[in-house]
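A short write-up of the structure that comes next.
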Amino acid sequence: MGLVIMPERAETLILLETNLDDMPAEWLGPLLDQLLAAGALDAWFAPIQMKKNRPAVQLSVLCPPRQAAELRALIFAHTSTLGIRERTVLRYSLPRRTETVDTRFGSIRMKLAEYAPGRWKAAPEFEDCLAAARAAGVSLAEVYAAALAAWERGECENSDGKPESR
Amino acid sequence: MGLVIMPERAETLILLETNLDDMPAEWLGPLLDQLLAAGALDAWFAPIQMKKNRPAVQLSVLCPPRQAAELRALIFAHTSTLGIRERTVLRYSLPRRTETVDTRFGSIRMKLAEYAPGRWKAAPEFEDCLAAARAAGVSLAEVYAAALAAWERGECENSDGKPESR
Amino acid sequence: MGLVIMPERAETLILLETNLDDMPAEWLGPLLDQLLAAGALDAWFAPIQMKKNRPAVQLSVLCPPRQAAELRALIFAHTSTLGIRERTVLRYSLPRRTETVDTRFGSIRMKLAEYAPGRWKAAPEFEDCLAAARAAGVSLAEVYAAALAAWERGECENSDGKPESR
Amino acid sequence: MGLVIMPERAETLILLETNLDDMPAEWLGPLLDQLLAAGALDAWFAPIQMKKNRPAVQLSVLCPPRQAAELRALIFAHTSTLGIRERTVLRYSLPRRTETVDTRFGSIRMKLAEYAPGRWKAAPEFEDCLAAARAAGVSLAEVYAAALAAWERGECENSDGKPESR
Amino acid sequence: MGLVIMPERAETLILLETNLDDMPAEWLGPLLDQLLAAGALDAWFAPIQMKKNRPAVQLSVLCPPRQAAELRALIFAHTSTLGIRERTVLRYSLPRRTETVDTRFGSIRMKLAEYAPGRWKAAPEFEDCLAAARAAGVSLAEVYAAALAAWERGECENSDGKPESR
Amino acid sequence: MGLVIMPERAETLILLETNLDDMPAEWLGPLLDQLLAAGALDAWFAPIQMKKNRPAVQLSVLCPPRQAAELRALIFAHTSTLGIRERTVLRYSLPRRTETVDTRFGSIRMKLAEYAPGRWKAAPEFEDCLAAARAAGVSLAEVYAAALAAWERGECENSDGKPESR
């Protein structure tokens, strides 16, 4: 694409990881929400295979450095783990803004991110689409398509039809 | 959604499955394409964990009954397996047709499927989008959005703006 | 264990499966709850690897035969799939009952299942434990341990301390 | 490969499956060996994602029909599950025999399977290779390579150098 | 939970990682035990999907810095890999001790870890439970429940019934 | 194995990671090849489970530090992600060379890597084997076995039959 590289914003974050092989999956269910409520930027599971034929789970938690101690305490309190691995990562983020488009399913916010100088990518806001889809009794796909189409139309008007200007 | 149920088309297919723990992943790479070229309707891998701590792979192959013997022969010849499980499945499919939309990236075919009486879902054809994205030096997301927008516009014209009619 | 085999209850169910490689994970999030609300007995995802290097997802849905057509319609309406595989399975279930135990975190229901003649296995009810853990500000592990301990105590009283009688 | 299709041997087997989300991975570790010791032909785990954000495990067990009731009893006794899905599969197997080759690491059995009329595939016996590798303090790869080379040499002698005859 | 944060113990460890796509799963089986025997603190596999449609495996090994060179040598000798990624992690651990409880299945050690000042979490020792379950011909679940119940009883006696004191 | 540790070569590389839950798998298919073409040393997917019940994918990309900015730009342009995690890893590599062996399927290159002083491990070059297997209409396994056997023979001649000298 002959990409012109953006001066992205970078920040130092903490990534916490732990392997869980001695607690039931059913206790893990509420954990991601608890971690996000306590200040984690993201949290996720990955399937792993540990010693002694154990099909286990790796928990990963991304957070600002100032939240790390509290999130470690929460992981220690709510999981069976006796050890948490911690490392520092740089996170690069794109400049963002939000716009709203009108669709036949109502207003939907679009998340816009500048991935190259003057070029923006757009994605409909999930929660807006979910609410609209439920209200109208249609699928998420229909609402997304309507939102993308509305945004495309607006873009073309604003940009005199020049795709390069996005 | 108060769904009215479609009279879908159903056909009897064969699903072949085998567990692979004694051949390298690198030999598995070309296998899916070989199976598809030999008449499989679909073929995929899933990660599994077998006895003796082995992180292995399950191969699944979907095919018409008349292709099953040849595909079993191909699996036996090209993998390490000594046994293949076979079972019959019913596959329900939606009525389909293809339409073409014009976008600023060129013509893109849309796959249309009638998921409820008179209601169609639409998806841009992957290979068309890939070719257009490469030609224009843009992302797949941009081409998909343009195709969906073009299709939405056409729909609205054809249907007098009634979303119910799709 | 020299198991005496139980006369289990068996019923015929339908298992629906489909591979999803052309819709975002974010649309899949609400799907399991939708399927369960519409009469599925269970629904789950598994990671698969499809042709053309696609890291995709297999959806599985277990349901009574009378729900199958409606659940297929829901899957067709809310996912990108054009085909759903269906097969019949026998499901064997254990005789069950529920009892309640008193713990320092309040009453907790125990799910009891007779896995061999006269032998019952017990598991605390997840939703009761979650509510109790949140109310008391403790971990799920603490509530489960308290419930299991309360149930063990009761068992020992009822059974004159004979573990064989459970 | 212009494959001539073998008259494979087919037999009817039972496939048992259950989803496990309320027991720790550590209890699952010994399960595969227990199942194999009790007559299962194969048993394996697959990572799945269940309702309520639970990263869970699917257990699959393949067995002859006459073993199914006992294996269900074992699964019910040793896991938390309350329901087991059962279905019938056909398993196609290749004709097999075993030969022994001499290597600088000692004798190694080769598993031979006739995958097309007159064409055999060969694989060193894992347990023989493991024992030889440990005795010699070398890697499994070295023992496998030596065994394959010994078998290739013997094949060439026996077959007057004609690869087609294998 | 209004957690009071523990002054955990932190130590610097090494995490080794490598992607394996050109060796059979069957050779990977003995690897975790070999690594643990050679001084690894933990070792595990994760399913990954590599270029050219290869369903492969990532090996991770956690170890003290002084063991890293020897473990890299072992990985290079026993796997097909040509490159190993290494990074430093901090591992936070909880203060621990072991206690023993008496159950109707015999003595079982409990692993205790102080996850907040004055609050301990307890887990039965897996190997003790496995031995007891096999000796008594019962499931792991029964032994765990008995051990947790015994520990709960002792706790209540020691602590005058105050759950806060654990 | 009483391993003598090699003075491996170590270099500092960058590992980029991002979680993808809002783009279809079908857009991910071409991504690995694009990343490798743009200078990535390796790139792979892993299945993860994110908040809100989303079965998602983690993308990992390994590259030299000078390529990191361009690869981040490519990931931002071609995926839906708004943030990329970056960290530094040391990569240890073995000394390598290539040799060619003659087989009944033609010449095959062997990748040789010195994993301990004076000890080399050998693996047939995948692309050579694939081309030879297709030309001869045989399986990859047959070509690998022929290549390993040819290399073993040459080794034995060169080394006076001493396995220690490899």
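Think of it as A, B, C, D, E and F in the order they're written, each chain with its own count starting at 1.
As a convention for this text, a contact is a pair of C-beta atoms (placed from the backbone, for glycine too) under 8 Å apart; a residue touches a chain by one contact, two chains touch by 3 or more.
Since the model is a prediction, treat every value here as computed from it, not as a measurement.
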Item to check | Least step count from subunit C to subunit F, where 1 means the two chains touch | outcome: 1
Checklist entry - How short can a chain-to-chain path be from subunit C to subunit D, counted in steps between touching chains? => result 1
Item to check | Equivalent-chain rotation between subunit F and subunit E, CA atoms, steps of 5 degrees | outcome: 120
Checklist entry - Comparing residue numbers, which of C-D, A-C or C-F shares more than half of the contact pairs of D-E? => result A-C
Checklist outcome for this item: Set A-C beside A-D; more C-beta pairs touch across A-D
Checklist outcome for this item: Rounded to the nearest Å, the gap between Cα centres of subunit C and subunit E is 26
Checklist outcome for this item: Contacts with two or more other chains occur in subunit C at residues 1, 22-23, 26, 30, 32-33, 45-47, 49-53, 55-56, 77, 80, 87, 121, 126, 139, 141
Item to check | Interface residues, subunit C side, partner subunit E - complex | outcome: 1-2, 47, 49, 51-53, 55, 104, 121-122, 136-139, 141-142, 145-146, 148-149, 151-153, 161, 163
Checklist entry - Tell me, which parts of subunit C touch subunit B in their complex? => result 17, 19, 22, 46-51, 56, 58, 69-70, 72-74, 76-77, 80, 82-87
Next on the checklist: Quick check: in the complex, which residue numbers of subunit B touch subunit C?
Outcome noted: 1, 3-6, 8, 10, 13, 15, 32-33, 36, 42-47, 60, 62, 87-94, 96, 111, 113, 115-116, 119, 121, 123, 126
Item to check | Partner subunit A, residues of subunit C touching it in the complex | outcome: 23, 26-27, 30, 47, 77-78, 80, 126, 130, 139-141, 144
Next on the checklist: Please output the residues of subunit A touching subunit D within their complex, sorted ascending.
Outcome noted: 20-26, 28-33, 45, 47, 50, 52-57, 80
